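Order of writing sets the labels: A, B, C, D, E and F. Residues in every chain begin at 1.
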Amino acid sequence: MNFDRLAVYELFAEYGGLLDEGKYDAWLGLFADECQYHVVPRENHQQGLPAALIYCDSRAMLEDRIRALGEANKYNIHTDRHIIGLPRIVAAAPGGLRVEAPFAVYQTDQEGEARLFATGLYRDQIEAAGGRLRFREKVILLDNFAVPSLLATPL
Amino acid sequence: MNFDRLAVYELFAEYGGLLDEGKYDAWLGLFADECQYHVVPRENHQQGLPAALIYCDSRAMLEDRIRALGEANKYNIHTDRHIIGLPRIVAAAPGGLRVEAPFAVYQTDQEGEARLFATGLYRDQIEAAGGRLRFREKVILLDNFAVPSLLATPL
Amino acid sequence: MNFDRLAVYELFAEYGGLLDEGKYDAWLGLFADECQYHVVPRENHQQGLPAALIYCDSRAMLEDRIRALGEANKYNIHTDRHIIGLPRIVAAAPGGLRVEAPFAVYQTDQEGEARLFATGLYRDQIEAAGGRLRFREKVILLDNFAVPSLLATPL
Amino acid sequence: MVTAAIWPALDYSRVPYLLYHDPDIYAEEQRRIFRGKVWSYLGLDAEIPKPGDFRATYVGDTPVIVNRDAKGEVHAFVNRCAHRGALVRRELSGNASNHICIYHQWCYGLDGGLTAIPFRRGIRGQGGMAPDFDMSAHGLRPLRVGAVNGALFGTLDPDAEPLEDYLGPPILAQLRRLLDRPVRVLGYNRQRIRGNWKLYAENTRDNYHASLLHEFLVTFGLDRSTQVGGVKMDHRHRHSITWAEADTDDDIAQQAYADAGVRSNFLSLQEPDLVTFRPERADRLNLVVTSVFPSSVFVQISNSLAIRQIRPRGVDEVEVFQTMIGYADDTPEMNLHRLRQANLVGPAGLVSMEDGEAIEIAHRASGPDRDRTTVIELGGGGVISDRDYRVHDVPLRGFWSYYAELLDIEPAGAVR
Amino acid sequence: MVTAAIWPALDYSRVPYLLYHDPDIYAEEQRRIFRGKVWSYLGLDAEIPKPGDFRATYVGDTPVIVNRDAKGEVHAFVNRCAHRGALVRRELSGNASNHICIYHQWCYGLDGGLTAIPFRRGIRGQGGMAPDFDMSAHGLRPLRVGAVNGALFGTLDPDAEPLEDYLGPPILAQLRRLLDRPVRVLGYNRQRIRGNWKLYAENTRDNYHASLLHEFLVTFGLDRSTQVGGVKMDHRHRHSITWAEADTDDDIAQQAYADAGVRSNFLSLQEPDLVTFRPERADRLNLVVTSVFPSSVFVQISNSLAIRQIRPRGVDEVEVFQTMIGYADDTPEMNLHRLRQANLVGPAGLVSMEDGEAIEIAHRASGPDRDRTTVIELGGGGVISDRDYRVHDVPLRGFWSYYAELLDIEPAGAVR
Amino acid sequence: MVTAAIWPALDYSRVPYLLYHDPDIYAEEQRRIFRGKVWSYLGLDAEIPKPGDFRATYVGDTPVIVNRDAKGEVHAFVNRCAHRGALVRRELSGNASNHICIYHQWCYGLDGGLTAIPFRRGIRGQGGMAPDFDMSAHGLRPLRVGAVNGALFGTLDPDAEPLEDYLGPPILAQLRRLLDRPVRVLGYNRQRIRGNWKLYAENTRDNYHASLLHEFLVTFGLDRSTQVGGVKMDHRHRHSITWAEADTDDDIAQQAYADAGVRSNFLSLQEPDLVTFRPERADRLNLVVTSVFPSSVFVQISNSLAIRQIRPRGVDEVEVFQTMIGYADDTPEMNLHRLRQANLVGPAGLVSMEDGEAIEIAHRASGPDRDRTTVIELGGGGVISDRDYRVHDVPLRGFWSYYAELLDIEPAGAVR
């Protein structure tokens, strides 16, 4: 287990680090070829409602969104900073893990003012293939679903 | 030591995860049969004053409080989110560890607005028994002792 | 690698813990004899400008600052709390590591009110010597470079 | 206090920035508009199907409860205890047979009436309320409730005109079109924008900004100003319907955008489903935004259906609360299609995230000098009327004309 | 500005929500009440036992220092430098022989007098203060200080009536009872509630809410409205004492609560010490809450003893600062007992946490329409008087009657 | 509104705390001072060397763009779209051939003129702006720009006196001295202080506080009030130059501080470079702080060179925006020396961090009673004039005298 756990830690450290550097293509590399990425307001999760803020049920949709972000969308110019708590391995299945990790994301505007932007829980499926770990599914439970300003760059 | 440290990390990950899910009974399972749980305002700690915000010098009192929370008390409806920093093993005695970990807790209200609720330091005694780690004593040094709104769910 | 990574984790845990306790001399002990410590506003970093908020290109300057803090400077009375995310080992060279870790620092005033004080990224050079790890260079990229109130105690 | 003298132009083509930034004006708006004779969207029948079902909502910044009583009738009332003003119902939604305030446990029925006061007669015959205390005079402040095809509206003014008159034929027709079969709620999303609520109300009426601000629309060929479309209003011009028809401009689109110097390099998506319009009706409408004064918006963008409440949160912040809906009889495929197209709207919406930014930068930059004004004359100034083209912002003047009327600051000789 | 016309009822049984939300009224309160002729609790002799001991506190929102001089005398003064207004003493507590402002190091004695100005005569005979500068006219603004059994009070009004007259016999008697032997400070706790300070002042006077809001009291059999108890006030009804006696209602308690439809299924604790009352005096009083106008509260709940300062922090927030005390001669067992029963009070208190929530939801829901009012008539309206039963809120009207007097907004023909 | 009656002393030696805390006064200051006839520092030529280079800055709290056009000319204008008030340029700096607002893509030239409106003529001849819409009347609000040796200033008042007259000979001389050769920008730092902007403006003019508040200066022998130094002002006394010469007091320093009872135990640093002054000119000046009314400050402390903008952020907060500079021809050694001495200034500055604290505690403690005043009479009261000694705060009275003039609240018989 030790190796696994440290590899999981490293995976989350990379996940946050790459996002905060804006290296979205490298970040996409942390996802499996077949993957899902959803940002779900806790409000909907609690009421059993399916709608999400971001709903990507294929890698294609996730890549489309990243592309749109670069090619078409305009949003507040900012810096993200992810603080991810210790991941918790909820279940270990052959070839995969169910892992949860709490997170807080801060955004700093162009004039250097920071604010808490998001808190929540990553609920992930991680697959081990070719000696490395990648996200097969990432469901982001967003605690503060009254989104401050807008949600552009990935959580 | 490696195993120990990773087991300690896992213990804290579970501690925060269970609280944030509101699984208080499972959370009680992380404490030893003989345990203490205290939330101490830094103000009192610094002045050497004994009064605490929550003072449970037995497992019975801790269980009483959890029960009261469910049966009798009313408080702001909210979601907790614990972000716990890397635990630091301060001392290792046979059958036990002294561990410290910094934490930040965010609360999100029903309408999805988050705020920083608490920051502080866990100062814990952890005992290893039957191959697993449990808290024998948890002293929570509360930095922001001017408690926002009220303190109901455990830190 | 495992040992390294856990030792790195422990180093950062100590780094934050010692600062939050105000044990600045012990904290200095985490730096190599030849070391650098810089706090750089992200604004300057992005524009390729050299000026820093704190610029210590020698251990002597770092010690001078810590001494001045105790002997000469006056600043807001407060408590620091560092929450440091999982460190990410960016490169491993013989006898040294390049490590990055995101951080958030909260400050609590004397009346127990907390606020987010700083977020950013540690970009460090760590050397392994005599069986222990120490910082040879620590560059602190400050996201919220519009510094709240003032910056006295080290980040 | 603000007066009619504030308007530099009689046709509401100039709006002084003061109106977006003055706290006293905000208080007046809450009193004269939101707590006045307007009708506000409260929720859907489908959200409270069973007796005892309730949901918390807002009218302006006033907290309101909507619920269904035992007889199946819908009631709405202000969520403030008649005793000492506490929020009576703290949960956002649920099912209950009455509403009990936690402070002293005064109990209210599903019609908002006060039904019980603990120890009303005291103990041992001592204390409690005076015998002549009139329970019936201390219920929760009621709203009048009306509905259009299951969309619930409420007003705090007992003398407000009937809902159907308030909405008028064109709006009614559009709501009935959108809600022509039983709906299913897919979920909610919320966005807190640091700007005055009226900047958002204008945005939803602003036909001009869509394809210019939301580049995604043009970049990925979802919607263009060159499509056949326009705006329809009620006779008071307080409400507005922005509409457009699919695939009606392939001839001229690219040229027009090129002329305007606006980038329109139609990229394509790996997953085209995101922008594929699946007609659900005889008409070709693929974009319909129905704005009901002051703060309700009904939206169809392709197959993404939503209802928005504009919730003012003080003069400097607004929450956009959006309910995503589909139809009860949607096939699993259509349901998935809607969940995917939900990516288009909301705080993370590929064709809506820009609004949050636009409103925040407008609020910020307009704050400092408040005697300066906006310019609203796309489609020309003068008399306010429907248009069958898309490059205009006429409905904004309609909004302001009715706003001025309710705040009693209409300039003499106003052109409407 | 607010006027006497604001009161809809002459007996203060209706309070307009405006009074909890208007910033100008807040400023008036600070000026006419807190910086006026009232006496405010400042701290305990036991907190500054030695010469040079000081503590920072507040009177309303004005920062104040209390200290003991070399002669052992206690002084209090506003913590604002006479030079350019900086906080002179930044630490919350400590021991010092004088107070030096960091900005320009002006130095003040323990009596608040200005004792030294650096470079007062300049350097090389150039600069510094004018020779005729009157040091004695530039001390720290002093408070008059009074004490009751070691509880220190202060007022900023030199013409305020004497402390003992201000408190009156019943309050004096209770303070002397609570402080009948040397106290030991066990610690402090603080709670920041997002509500107006007066909502908290009312809460401490509200006999009616206790067993209804704080279910723990009833659930675990600690306190019930059915016990023998009541309220006592000073002759101006500005202060109030809520009292109750232990074990005086076993006969009727359950029945009464059942009738009132209030749950009272007495659960039991694994650690009964938390709710076990250990009598410390001849009387059977197990609950005494003494509220001194405007913002001081002395509390005995079972064996948990505390003193609270209500600290306004603007119109929308209040801090409750609580000092937990025991007696110098407490046995180790009693000391442990008090530390355990401290679980009952404060921000995490099992019988107090609800107050924070009740006040916040009252502040939130009452904000929007401010012309509406509360209802205060448990125990009936009309003349304000002591009661020997518990189901009433009479002392709230006492609070408002004196509040109106100090703000000079008493209605003609007010019933008090 | 505030009137001349507010001044208790005719020589501005007493300032009522109200002026630091009243939001209406803040609004007046923005209108009458910052958007009035003063000149504000905008930036440096060296920051926008190439055509198309732009930077975002502020005049008071009004967002402003400074850029260089194709002809190399510098223009400045308010960063607020003439259409509906959005921030036109969102980036802080960059290079562009025009400025396009994201909301509806209105396009402005580098001179601030409106150059293009998308779909101005509509589509298919429908919609767009009325034909008679005057583009030239809807540019970005321009500032007049002036410069002193590459330091750019701007004013929003077309009738403001010329920059050189505004500054006056002594200030001009100092700016020309500081900027006597091409500068290189080393970087920026920002500090958000929870205090009114005028507390900072006073601080930079306060000769008295330096060696008393900033103990580092004395402890490590960097600067002392005993050095030869003083203050010079323009003829209106609105600006001020605080100056001191190095190593001119070794004789008396220690004694004087000992007499004043101020600690001056000269410690030494392991890295003396931090406090080593390397003369760069014939003069011996090692400290020059030039404060230009209302909010620009040019600073030389040893070899650390900086320019500060005081940016008000509402009545209760100020940002100090500081540009660290060196000279284009600095040797690598001198460059390193400046980077090291940058440790002295800014939010973490060893001789400046205290200012943030001093201002915050002054703002906090002065808030509660606003009818009380500061005392400004170091160096005596009466007529305002230059001084050739350091223990005084005369320039503060100069600041207030011009402040009163611009706010039109000068007392009759004011002494200036």
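Please note the rule applied: contacts are C-beta pairs under 8 Å (C-beta built on N, C-alpha and C of every residue); 3 or more make two chains touch, one makes a residue touch a chain.
Note that this is a predicted model, so its numbers are computed, not measured.
Q: Hey, how far apart are chain B and chain D in touch steps, shortest way?
A: Minimal hop count between chain B and chain D: 1.
Q: Among all chains, whose Cα centre is located farthest from the one for chain E?
A: A
Q: Count the C-beta contact pairs for C-F and for C-E, then tell me which is higher.
A: The greater number of contacts lies at C-F.
Q: Using only the C-alpha atoms, find the rotation that maps chain B onto chain C and quote its angle between 0 and 180 degrees, to the nearest 5.
A: 120
Q: Please state whether the interface between chain A and chain B is built from the same residues or different ones, using more than half shared residue numbers as the mark of same.
A: Different-residue interface.
Q: Please report how many Å separate the Cα centroid of chain D from that of chain F, as a whole number.
A: 45
Q: Approximately how many whole Å separate the CA-defined centres of chain A and chain C?
A: Taking the average C-alpha coordinate of chain A and of chain C, the gap between them is 27 Å.
Q: Of all residues in chain A, which are in touch with two or more distinct other chains?
A: 2, 6, 41, 43, 74, 83, 86, 104, 111-113, 116, 145-147
Q: If I count partner chains per residue in chain D, which residues reach a count of at least 2?
A: Touching at least two other chains: 90, 92, 102, 190, 192, 213, 319, 354, 357.
Q: Applying that definition of touch, give me each pair of chains that meets it.
A: The list of touching pairs comes to A-B, A-C, A-D, A-F, B-C, B-D, B-E, C-E, C-F, D-E, D-F, E-F.
Q: Please output the residues of chain F touching chain C within their complex, sorted ascending.
A: Residues 92-93, 185-194, 213, 215-216, 219-220, 267, 269-271, 274, 319, 324, 335-336, 339-340, 342-343, 346-348, 350, 353-354, 356-357, 360.
Q: Give every residue of chain F touching chain D within the complex, in rising order.
A: 30-31, 35, 60-63, 78-88, 90, 102-105, 107, 116, 118-119, 122-124, 126-130, 133, 138, 141
Q: Which residues of chain B touch chain A once you look at their complex with the stated criterion?
A: Listed in rising order, the residues of chain B that touch chain A are 2-3, 6, 9-10, 12-14, 16-17, 20, 79, 81-84, 86, 104, 106, 108, 111-116.
Q: So in the complex, the part of chain C that touches chain F is made up of which residues?
A: Residues of chain C touching chain F: 39, 41, 43-44, 47, 49-58, 60-61, 63-65, 67-68, 71-76, 145-152.
Q: Okay, in this complex, where on chain B does chain D touch?
A: Those in contact with chain D are residues 74, 77, 110-113.
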